[in-house]
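Below you'll find the structures, each written out as structure tokens.
One chain, chain A, appears in both complexes that follow, with chain B as partner in the first and chain C in the second.
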Partner chain A sequence: MKRQAKFAVVAIMFTVLAMLAGAGRLKADDGKGGGPAVDVKIDNFSFTPQTITVAAGTTVTWTNRDDIPHTVVSNDGVFKSKVRDTDEKFTYTFTKAGTYDYFCSVHPKMTGKVIVQ
Partner chain B sequence: MTDRKSGFIDQKLQDLNRDGIDRRGFLECMAWVGTGLIWTVSGGIPVSRAFAKTHEQTVNKGAELTFAQISDSHMGFNKPANPDVAATLQAAVAKINGLATPPEFLLHTGDISHLSKPEQFDNVDQILKSASAKDVFFVPGEHDVLDDDGKSYLERYGKNAQGAGWYSFDKKGVHFIGLVNVMNLKSGGLGSLGHEQLEWMEKDVKHLKSSTPIVVFAHIPLWSVYPEWGWGTEDSAQALAYLKKFGSVTVLNGHIHQTMQKVEGNVTFHTAMSTAFPQPAPGKADSPGPMKVPAEQLRSVLGISDVNYVRGTHSLAVVDSSLG
Partner chain C sequence: MRPLIPSTGFLGTGATFAADVNLVTQIGMGIALLAGGMLARRGCYKAHAACQTTILMMNLLLIGSVMWPSFKQQVRPAIPKRMHRLYYAVAATHAGAGVAAEGLGLYIAAVAGTRMLPSRLRFKNYRVWMRFELLLWEATLAAGIATYFAWYVEPFR
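Right after this comes the complex of A and B.
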């Protein structure tokens, strides 16, 4: 029973996280055996979802779906991807709570936000 | 002031009246798409023609200076909009070489490469070697300064440049200023020249006579074409303020892969076509991504219509004409 309850708590936590992440897809595992993972699409010169809210320890993966290269660069220099061409990815694991504003340094009108709780 | 022979359109881009540098009030623009531009300076007045409209008999024999502008070759781009950007750059060079009046030099207004890779720069350099004009003056686009803050660009193209790659030179009495507005872009912002470059520019033009024709070239438009897509430069007004005393200022840009023109007082703004792929007109698509056209139509789309500025009419005449 105890184990089931634990699972229920975890399941609820994941559901909440998924809701917080909006359209961001939640995966149980980031492939590195670490914490939860969330995807952000780069499409049509925008980050989707533009704002995500995740738990500390979450790995976020950005995938460029455009025909044009983009970057993922935090405004205050916390993370900075190399240029990402079509279908290339950038991942970053957020360990500290806080609000992380980021943009594409090639097309600075493209902005996004990660809120880490 | 428009000459038209056998379907050619020359474009007088400068108001000859010089009736006051504060005169404003007309700014109309229209896009056309093509492969490149030929510029002629005659009596201090730059004149442009779309390559596609240039034939043997349209030579401006009185020209003091002729040069060509190419832009946005995006070497390395290989997506459906244009899987062979080398071929279309070669076609642009062939157009240049076919001009009755050979241009004395070329301006490349940036996005030479698609991903700042050495082999992409190499490829462009190789293709441009076949141009009859041997001198090519570059400014970087944002695609040329990816990942290394422009270091490899500067090593290759910036030998005579200052800062991030800006410089000036004189040709037959015309003062050319190459500016860099693709570095250190800020979140949510537009193209940026920065304080250091602006200071340099102020000094650069200070000693010049006001009768000196000025040509400024930079990648991102130095006027507000469509800020929603980042098509503008946040501190361009300061740069233009330094040019107020000059009777003839021509600003040549790329970046938006379509031709647009605006005349404001003594300043004519002009954006060039790409040699690689067209982009949508401002706001006419979800994003400024490459505009896809069927392969067989690519070159015919490159060069759909021309725009003429006719002195005195305060409006631009648009003539549609397919290349193919």
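Right after this comes the complex of A and C.
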């Protein structure tokens, strides 16, 4: 009886550990590589917030909430989206520290900045 | 490759410098074509031919350097599935009418100003063809202005 109880405890512990490991794996997959994520909204001919400061490894997602297509293009050619229509997204993961200025190539008055620390 | 950062325009809209130059030049060319038509009415055929042909060639340059690259980047990927959106529909209409107007213009210039086409491909009723071309050109210009407003001028979206 004592042996059966021990077996049950070990089985429960094993199951809980397996569940925790699975949950951890799911969480990592959800985070687009596991790093933090930041959103930038494109609306009314502007990027909001215009300047963001993030840690290296952060994934930034630009979502076009405007009713006209826009692009997201970095000044130094590090990233460049295709034309993003309403509700379409563009995602880029910043792995290196630095300052990344970007603009919309359709409407060059629209500019933004990502500071990666 | 390092992207070329486009300069902002000078008309105070969201457009690029090239788009603003193109708009102003196109409006000027539309007016010049009407003036060229008046030259023909007054019998100044050489001046008429020089005026209309210059505009035709200038437009070819603008198509190649400004309008076609913009169309390729911004509009062509959306054809045909997003034609229900006004800014794509007006731009595609302008592009279609523009190709027709430029093509017809080149054909008229070839018939009226050269001997390169065989007689079976030449027309004789110049007035009808040229008036139709002028009408098509001005309609294309109107569609072009509408395209500019749809893409670059915020309050008109």
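The criterion applied here is as follows: the second predicted complex is superposed on the first by the 85 of 117 C-alpha atoms of A that agree within 3 Å, B and C clash if a C-alpha of one lies under 4 Å from a C-alpha of the other, contacts with A are read in each partner's own complex, and residues count from 1 in each chain.
Keep this in mind: a contact is a pair of C-beta atoms (placed from the backbone, for glycine too) under 8 Å apart; a residue touches a chain by one contact, two chains touch by 3 or more.
Only a predicted model underlies this, so the values are computations on that prediction, with no experimental measurement involved.
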{"item": "Three-chain arrangement built on chain A, chain B and chain C clash or fit", "value": "clash"}
{"item": "Partner chain(s) touched by A:F45 [first = chain B, second = chain C, both, neither]", "value": "both"}
{"item": "Touched partner set for A:G77, first chain B, second chain C, both or neither", "value": "second"}
{"item": "Which of chain B and chain C A:S105 touches, first, second, both or neither", "value": "both"}
{"item": "Touched partner set for A:D85, first chain B, second chain C, both or neither", "value": "both"}
{"item": "Partner chain in contact with A:D67 - chain B first, chain C second, else both or neither", "value": "both"}
{"item": "Single chain B stretch clashing with chain C - from 1-9, 19-27, 91-99 or 145-153", "value": "145-153"}
{"item": "Common interface positions of chain A, toward chain B and toward chain C", "value": "44-45, 67-69, 75, 82-83, 85, 103, 105-109"}
{"item": "In the complex, chain A residues that touch chain C", "value": "44-45, 67-69, 73-77, 80, 82-83, 85, 103, 105-110"}
{"item": "List of chain A residues in touch with chain B within their complex", "value": "44-46, 66-69, 71, 75, 82-83, 85-86, 101-103, 105-109, 111"}
{"item": "Residue numbers on chain B that touch chain A, as the complex places them", "value": "79-81, 114-116, 142-143, 146-147, 185-190, 228-230, 286-290"}
{"item": "Chain A-facing residues of chain C, complex", "value": "1-3, 5-8, 14-16, 73-74, 77-78, 82, 85, 87, 150-152, 154, 157"}
